[in-house]
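Encoded as structure tokens, the structure appears first; notes follow it.
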């Protein structure tokens, strides 16, 4: 029913990584709620190389967060579960791994940060103590060594006056600093992979820029791989090497960031990009008015309708077709597969880009 | 140019907190003209939401005036209702803006009954018309908010605000909580409503893309003060105030191959309880010099623009 | 969104109001349904059977005293030969009515006080909550007994004094609960929006805030009824209860306990009916709380 061809995504910078750090194949995750069975992730496959920043972009309901949680085995039980598929991390299969072993991996080799730092930080403990605890638990440090490491880490994430800040409580830190503290906690054990789920969505734009800068520096200094999940296309454009666009639980496009933003190969990506009001381009002029009232504004190329309901089961047609400006009859005949539209690029559409773009 | 619809004159709104008085709005003046969109841009703690509440008469200012169509805002029930007949607000969170226990039809009909005082059948009719006007099928009249999507709920909020036939709307991050594709739909709706009905918008947001698309004029706020105000195009091509420049530089660009601009702002946002002496921005300004620490700049006028910075005291700067 | 369920955009298929959805959830809860059914059965028994069969709880027949259950007297007879079935069922009427009435009174007062305090805040809130705190601090039974003693000896056996005493004490918890709900609802934007479209404070409280707190109020009300019934029973134990109620019957039954002869039916019938009623109310209350509480159920956002 999926029809997705599991092809590893290739980086444009280098041919298919012989040894991807993370390899996801045909991941399927479901949620059971009182009303329905929701297939939140429906056959997702991708590779992530070392020291690569991979962006996972989508709107709400696209399945991007659930993908991340599935990788780490963090789906809320009993409602959620991974139905099938494989997730290999450094050659080791994670799906089906006993909880004890997953726990050893989480925080140590694979770390995750979230939109809200207070989901990681205990408001009743000092920041330094929380970081130190991770070191003690995972690395077996003594209290004293762990505290030193905590202060060191806070400095590495660019928190000024780290020693003093380590003795403070989370509420004494600003939003940006809390986010940095959460990143520091994630870096405690020198993970190889960092999964960041909307890490800057709740932050002011100037703080966001600083945090993204920090993540990129970490990637360079430590060869850290980052899976960046976000709905913000601008963030993706500025930080990611490769991008995966998700819609209704599937990947609909995969490409290097630059190529994607230059010329998207899937109608959804194209529509999304066209509908975002740009701060870096002058607004399109609207109709001029004859009188003295302010000039009218032009309309955005908005995408009509709503994303499909995931609890209604397989569609038997392209899930984007109802909203697609370029849909043809053949689009409703079956679900399209992910095909290669250019070297290093995939798109889930039966029409080649040059036909419609 | 016609008379301004809304005038704010040297408004100061302070709160008491355990740490001391918070100067949330500290000397803000602005005008909103009929049919115009004025965007208020700023980051957390700049006072934009407090400003909105003060304009609506929900906060009593320490000093300064708010005038709507020439009438100064008083804080008793009757004047408040008279003001709200002409000035309404759309909120950020579509989930929290609607009463979960009322059908959307009743939600929209209620203001017609209360503020326009029409009999029930006309209220229902009016509500159906408004639903259509905001792009919702009137057959959804009896549905409850939880049955609608986020975008649809926001449309209902807009319809409710339009029900009193206002002249101006305050939009407090009205599209920030919506998905990207829905955001564009709602922005288009707002634009066409403005064209049809001649509404003025006071648009509070942190999203500079929305500002550039929608606003005729922009005011940038920092720590309770306006630090720059200009026509949209002018601000984006040649921002004068260092904070405005930093803000614009920090917005991630969608241009292919754009790389992250290195942030020029250092330090943290100072506490609004004790703003820095001299220019409030001097602790983080990349172009600070001695005078900035000692003296607080006023909002200097440069033609039709204003900027609160000694660097532009006498003449505007070139584009960034 | 760590750990959160996926959002499923698009409208839900049904046209159910939040109230109807809750009802549906309630129907699926077996214990709650059992409780509701039992309650209904007990109420029907207490109110209908005495009417239908013209039972007589008063006429005394000394010859028939302390008869165990038999076909003539299904529940046996008491120490002066009165038909126990009649007494238990009619006593049940009293217990249930007093429970209901006192609950209604306490809910009314509690909701009024709590919503005013929570909505207006400031001095009003302070004054009202200090009053509540003060009354809370007074030992419960002391207050009740004090109120009871204000009535004359003969009047004390009537339902009214007991009902007053109970109602006046129970509203305190309801007031606090409602205040908490109102405090959290007050900050939601739809409340401000209601003010902006011209709703008066009274209208906002009545039409916007309270309907959204209705769930919690209903749950607490359902759990107040058993509390009141127990209180009444306890009062009866102390000799201050209503003339004929389950509590009274239990008190009388206990007073004739002796090692030689067991009049088990005297304690058994009112006791077990009391217990069953309390159990049903608790199951129903729990079921209501689960049906209405968003945190205990999995939802699609």
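The chains carry the letters A, B and C, assigned in the order they are written, with residues numbered from 1 in each.
Throughout what follows, contacts are C-beta pairs under 8 Å (C-beta built on N, C-alpha and C of every residue); 3 or more make two chains touch, one makes a residue touch a chain.
Note that this is a predicted model, so its numbers are computed, not measured.
Novice: Name the chain whose C-alpha centroid is farthest from the C-alpha centroid of subunit B.
Specialist: Centroid comparison gives C as the farthest chain from subunit B.
Novice: May I ask which two chains are joined by the most contacting C-beta pairs?
Specialist: A-B
Novice: Just how far, in Å, is the C-alpha centre of subunit C from the one of subunit A?
Specialist: Roughly 52 Å separates the two chain centres.
Novice: Take the average of all CA coordinates in subunit B, do the same for subunit C, and state the distance between these two points in whole angstrom.
Specialist: 49
Novice: When the centre of a chain is set as the mean of its C-alpha atoms, what distance in Å lies between subunit A and subunit B?
Specialist: 30
Novice: Got the subunit A residues that touch at least 2 other chains?
Specialist: Residues 60, 306.
Novice: Got the subunit C residues that touch at least 2 other chains?
Specialist: 9-10, 12
Novice: Pull out every residue in subunit B that's touching 2 or more other chains.
Specialist: Residues 149, 179 of subunit B touch two or more partner chains.
Novice: Mind listing the subunit A positions that touch subunit B in their complex?
Specialist: Spelled out, the residues of subunit A in touch with subunit B are 59-60, 174-177, 204-210, 212-213, 216, 231-235, 237-239, 258, 261-262, 271-273, 275-283, 286, 292-304, 306.
Novice: Which residues of subunit B touch subunit C in the complex?
Specialist: 56, 58, 81, 84-85, 88-89, 91-93, 96-103, 110-111, 114-115, 142-144, 146-150, 152, 157, 160, 163-164, 179
Novice: Which stretch or stretches of subunit C touch subunit B in the complex?
Specialist: 9-12, 14-19, 188-190, 192-194, 196-199, 203, 207-208, 211-212, 214
Novice: Subunit A touches which residues of subunit B in the complex?
Specialist: Listed in rising order, the residues are 1-2, 33-37, 43-44, 149, 151, 179-185, 187-188, 191-192, 194-195, 198, 206-214, 216, 232-233, 236-237, 246-263, 265, 268-269.
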